[in-house]
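Two complexes, one shared chain (subunit A), two partners (subunit B, subunit C).
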Partner chain A sequence: MVAPPLKARRLGRLTLELRQNLPAWKQAAFLTICLVFGIAVSVAILAAAGIAPATLFDEMIVETLGNADSLRAVLVQATPLILVGLGAGLAFRVGFWNLGIEGQMIWGGIGATAVVIYGIGPESLRLVCMGIAAGLGGLTWVLLAAWLKLSFRVNEIIATLLLNYVAAYFLFHLLYGAWQDPTTAFPQSVQYRSFERLPEIGFGVSSGLAIALAAVAVAFWLVQLSRAGFYMRFVSANPGMARVVGVPVAAVSIGAIAASGALAGLAGFVNVASQEGRLTQSFFDGYVFAGVLVAFLSRNDPIIAAVVGFLLAVLFVTGQTLQVFYQIPFTMVQLIQAIIVIAVASSEFLIRHRMRWTR
Partner chain B sequence: MTIALTLTGIRKSFDGFLALDDAAFSVGGGEVHALLGENGAGKSSLMNVAAGLYAPDSGEIAIDGRPVVLAGPADARRHGVGMVHQHFKLVKPFTVAENILLANPRPGYRRGMAATREAIARQAETLGFAIEPDRRVADLSIAEQQQVEIVKVLVGGVRILILDEPTAVLTDAEADRLLETVRRLAETGVAVVLVTHKLYEVKRHADAVTVMRGGRTVATADPRTASTAELTELTVGQTTPLPARASFDHGGTRLNVGALTCARADGQVTLADLSFFVRSGEIYGVAGVSGNGQAELAEALVGIRPPLAGEIWVEGAGDLAKAAPTARRDAAVAAIPADRFSHALAGSLSIAENFAVGEVHCGRYGGWPLIDRNAMRRATAAAVAAFDVQGVRSLRQKAALLSGGNAQKLVIAREFSREPAVVVAHSPSRGLDARACGAVHQRLLAARDAGAAVVVISEDLDEILTLSDRIAVMSRGRIVAEFDRPADRQAIGRAMVDHG
Partner chain C sequence: MTDFLINWIAGIPVTAAPYALAALGLIISERSGILNLSAEGLMLVGAMTGVASCIVLGGHPLIALVIAMVASSVVSLLFAMLTVVLRINQVIAGLAIVFFCQGLTGLIGNLAGWQNHPIAGLDKWTIGPLSEIPGIGKILFIQDPVVYLAIPIFYLVNRVLRFSMVGLNLRAVGENPAAADAAGVSVALYRIAAIVAGSALVGLAGAYISVVGVKLWFTGMVGGRGWIAVALVIFARWAPWPALGGALLFGCIEAVIPRIAAAGIRVPQYLMLMLPYLATIAVMVWAGATQRGGAGEPGALGQPHVREERR
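== the complex of A and B ==
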């Protein structure tokens, strides 16, 4: 037997141990420390790119939140972010990795536009019909992936992700074909009429935000207060055990997955019916990542998802300002996003493990 | 006899909970030294310190008289200390030789494999194991996997071998064979530590015994001179008498299982045309060598695995063979699965949630729009007190933090919260210490006395003999013999082996 080298003995070593439990305030403290660290790194990077921290503070807080126009832009951006974050979180709660948010948004947009093009329902209820069609569109698209998983054990990560492309190409097929705007000949649908666009609810804020906040309330009730939410915890914690103790695992899972798709469909509806006022080629771009991000940062909690969606929108809008006025590339904004995510993820690691230096 | 391993003044805490408090232990070469204690006494923790898995908060480890600091299991292995854990650390899709090479790396895969094969053959011959190096670990039985673990450790040149509850997963015959092997190993000069909570193993197979209680080592004794009563007193602190039996007074048939047939996905038949009945107020024990369909029978009764054919008839509810688990719960079928944390509890959820989930669907804790968490907490608090679930600091505490015995008590509290008509218990006391085991048995007997039909499926023959009014022996997916109480242990043992 060879004795270990003496040096190793003197230096000691870092040991990792699993923590059994940690009080909530300590968890919050770890999260705060990591977030502060992440923000500090972000600020340092931006400072290196030529934006002084004072300017940054000015742009982010004073200009973005203090300026009515910017604040409106933030709220417009936040609306779909909150919806897709809620949707992703619901699916994640039952262990279904829904990466098909974009495809579901596309079908939401197609559903809403179909109602417009075929003039379904009276004008006074047209928006309601569009919303329902959008929800059903997203729901159908996600259930396709759920069916593939349940019947053929197709991994839903692959199925949902690839179905995004199917949906996108079908959308292009419509926009370059049957639904192309005849007046401009651009690859987009006709302009919605005023009663087909989401009205403002004061301060220039679209009623889409009201839809998102209502969805937050419903999701909160579903997850925290209802019996289905109670069951969802067991489905994600231990599906094998849940079945034995009488939890209707299949029904709860399919319900949550369907709700996830419907929320993504609604996000598509809000985007086409408030921002552009028509079906475009890009109203869904980048929302898979955003949805996963919001769900992860909020730990699938609806209320926190709303807050995170709002903060992410602040980051986007500030990023756009910096891009225009300081010639900072938009990738910088994505870099900061990534740093914040890593910071939060590492707080998770510190909450679960104890690190000690032993000699 | 030289002292091979000495631990002195070992202290170790986990988040404020003191698992080891001034524990001391020593074992010499050629000696089989038992470490005896209840679950949670700190046996595994102490041995994890010796094997380099835990770094102690304070205390000293000495090997061959020289103090050492172990930088991890690999370092401990270099010092000649190896441990076979209760839950095997094997890569299931790998072959035996690959697993052993992984744990004992050698340069060059091809050359390493050849050398490993040779080493396996040498060790297997010394120990009398029939190990095929090219079989996949996933295809091996539990006993064979254990042999692989032992060979894996010995191939690394270990002279101090720690076996953590090695017989807990084995049948009587397998356990005897293992303990004989252990004796042969000791004769070659290896120091063997036998972690166990079974007294008769200590009496029969150990040269010395150290008793642990509450994280402390309370005594070291010679098992040949110490009496069973003394040792029990040392481990438990106080002894609990076996529950007295009420007279046998059963009612009509409550559960009838007819022509039950199950098969695995690959088509192998696990239950073949199996039939039995259980009357109200009766405990029906199902004995057998592990792997003869007991797990599948339990799963079919509980509703985890739907049978291909056959009926599971319950009085008042009809045939439940293909019914959903909710239908079984409505028929008051209580399920106590073998693997607590995979089929009975959600470890990451709170104690209150784990208790309440069984009765959520029938509306006891509010309707579908609003669940009543206060009612859940109240009911859980009452049940935790009534069923003596200990170690509950808060009802919001994660269920995974409960020790094995208390976790089982929580499962029973949930399953018995409504008076059960039928109880299906699979290895209900597996891994529990004497006191927790007694408490679990008492609950099962109480359910029987209240008129329930109880099925106990267990590989522990003592458990079957203590509890059952009628005993069935399972072999190759069938019931091959039935015995009335009082049953002859030898006859049951023969039935288990003859058909197996």
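== the complex of A and C ==
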């Protein structure tokens, strides 16, 4: 038997074209569509976990933003998020994947607590010394990874991530050993005294927020106005060309990486010196991805990073509320963060490609 | 002393198997040109589904391992969609998947009450009279079935990658997707298949940790082994047998940590726990110092393929 001749398929196929310069409003529209989709998926997952959308709206908008105490908690939570977001953004600007934010925060906390425990500096300048020690701690830890990359071509993604675990175990070594609080025997350091804790600046908000906003201003000047910012853009666009025309590529890169680590160290300092008032086992949990998220969503822009940091803080505080009152594990916040990053990353596809059905 | 050594060496396969299987899974997907950082997350998925299946089925650890492989493959479809279909930055996609899986497993596992729920796990096989040979018997002939299966799996993957048409096409897609595309090889299909197949092995590695190793599940139990596996792939220059060697090295280190404390040698516990991570960095430094730039690395690793794009 002879097979019938195959009919030419008239279905056609999907082709992709690269778009040039999509108008800003269309980009914003694609971004919004994807964000709404991501938020809808998150709400659906929460609903499956037993949080009705109405309850969620109530907890997130009415309770968290409408209540002075919760709003204060949001501002406290926003501080480290803005700092790590700025830090991650600075490193990403020179093409260095700094995923060691948690390790750098740990060394920031250790540096600040070392100043407390060894009583370095006069009481009036103690907080300044703690801040400097924290910045240096974070900076040293990120420069270790940068050195491994530049000298031995060790991939910085792997190096920074693994150094997080090393830093965490070193922290546990201190907290279960030499630095354990002798009065409570819990694995945490002694309580800081009042002059070692960040003071409040009106409305019950810690001065940590002032540090974060100052950091936003400095970062804005650095990346948008200063010569170093121009160099950074040059280095990330075309390092070879930058080198040829005399841009100090290594110095610019290392400077941005060091600033990134110092900002993460400061975030650790803010967390131990305002929220906890002591070095704990968990003051750094979950900040790697938070930093990546803030930097990614803000496209490494310091001002937008502050806004995204604030919104992420709303999510964090709501997550804590849901954990306490509805027994939803805090990992839900991680899941929602991941979904939002995936949604926004997907919008890049729609912005950069046009799909066309060709026959 | 000989007892210490024999117990230590006999414990190595159990600690080395997760590294070996995860690294092999990563090699399959990275050879197709996908920079795969999702291992840590997919191992978490495997670990949770493995224990969950054991609890729900009331035993049957081998079936649980298979279910964990399937679950990990299903989640990896999301990674495949992001990297192959939507062509988003593969580092961002990998990190997002890791966090997605951390959140998802923490949420489901805790809500379902699987946390810290002990299971019977998978027993070791005792291979007849051979297991009674002093020393060697305990090391080679009292191990679990996954360890015995790992060797043929490595052999098979190596054969397929190196000598079969499928393996040749897969490597072509990873080296030069534009050329492979011109030759009529479907880049997207090979990449998606490589991610899904590799992720099944990564999921098996995760399930091995919970079902065979710890016989328990708790949030975030993989503890960075996925990242170590990623480093192992670079160290092994994307080749299966060197990856197995590296896995045995890390297995050695991980197996010795609890045994030193048990032998009554007083060492700072938390500093000992740093060892696998420090060893990984040391190995990476060694690899970076001795390897020529990019030796063995798939040519298009990390680059999305768009047919219409000019390079």
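Methods note: the second predicted complex is superposed on the first by the 327 of 359 C-alpha atoms of A that agree within 3 Å, B and C clash if a C-alpha of one lies under 4 Å from a C-alpha of the other, contacts with A are read in each partner's own complex, and residues count from 1 in each chain.
Rule of thumb we're sticking to: a residue touches a chain if its C-beta (ideal position, glycine included) is under 8 Å from a C-beta of that chain, and two chains touch if they have at least 3 such contacts.
What you see is a predicted model; the values in this text were computed from it and never measured.
Student: According to the stated criteria, A:T15 is in contact with first (subunit B), second (subunit C), both, or neither; which is it?
Tutor: both
Student: If we overlay the two complexes on their shared chain A, which of subunit B and subunit C does A:F170 touch? Say first, second, both or neither.
Tutor: Second partner only, subunit C.
Student: So, does A:L99 touch the first partner subunit B, the second partner subunit C, both, or neither?
Tutor: In the superposition, A:L99 touches subunit C alone.
Student: With both complexes superposed on chain A, which partner does A:R299 reach: first (subunit B), second (subunit C), both or neither?
Tutor: neither
Student: One more residue to check, A:F152. First (subunit B), second (subunit C), both or neither?
Tutor: In the superposed model, A:F152 contacts subunit C only, not subunit B.
Student: Of the two partner chains, subunit B (first) and subunit C (second), which one does A:R72 touch, if any: first, second, both, or neither?
Tutor: neither
Student: In the superposed model, which partner reaches more residues of subunit A, subunit B or subunit C?
Tutor: It is C that touches the greater number of subunit A residues.
Student: So which positions on subunit A get touched by both subunit B and subunit C?
Tutor: In subunit A, residues 15, 17 are touched by subunit B and also by subunit C.
Student: Would you pull the subunit A residues touching subunit B in the complex into a rising list?
Tutor: 1-4, 8-9, 13, 15, 17, 19-22, 221, 225-231, 233-234, 237-238, 240-248, 354, 356, 358-359
Student: Mind pulling up the subunit B residues that touch subunit A in the complex?
Tutor: Residues of subunit B touching subunit A: 14-15, 17, 54-55, 68-69, 71-72, 75, 78-80, 157, 302-304, 324-326, 328-329, 335, 337, 341-349, 353, 357-358, 360-361, 366-371, 397-398, 401, 414.
Student: List the residues on subunit C that touch subunit A in their complex, please.
Tutor: 37, 78, 82, 86-89, 91-93, 95-97, 99-100, 102-107, 110-111, 219, 223-224, 227-228, 230-231, 234, 268-271, 273-274, 277-278, 280-281, 284-285, 288-289, 293, 306-309
Student: With touch defined as at the start, can you tell me which subunit A residues reach subunit C in the complex?
Tutor: It is residues 15-18, 45, 49, 97, 99, 148, 152-155, 157-159, 161-163, 165-166, 169-170, 172-173, 176-177, 289, 292, 296, 328-339, 341-342, 345-346, 348-349, 353 of subunit A that touch subunit C.
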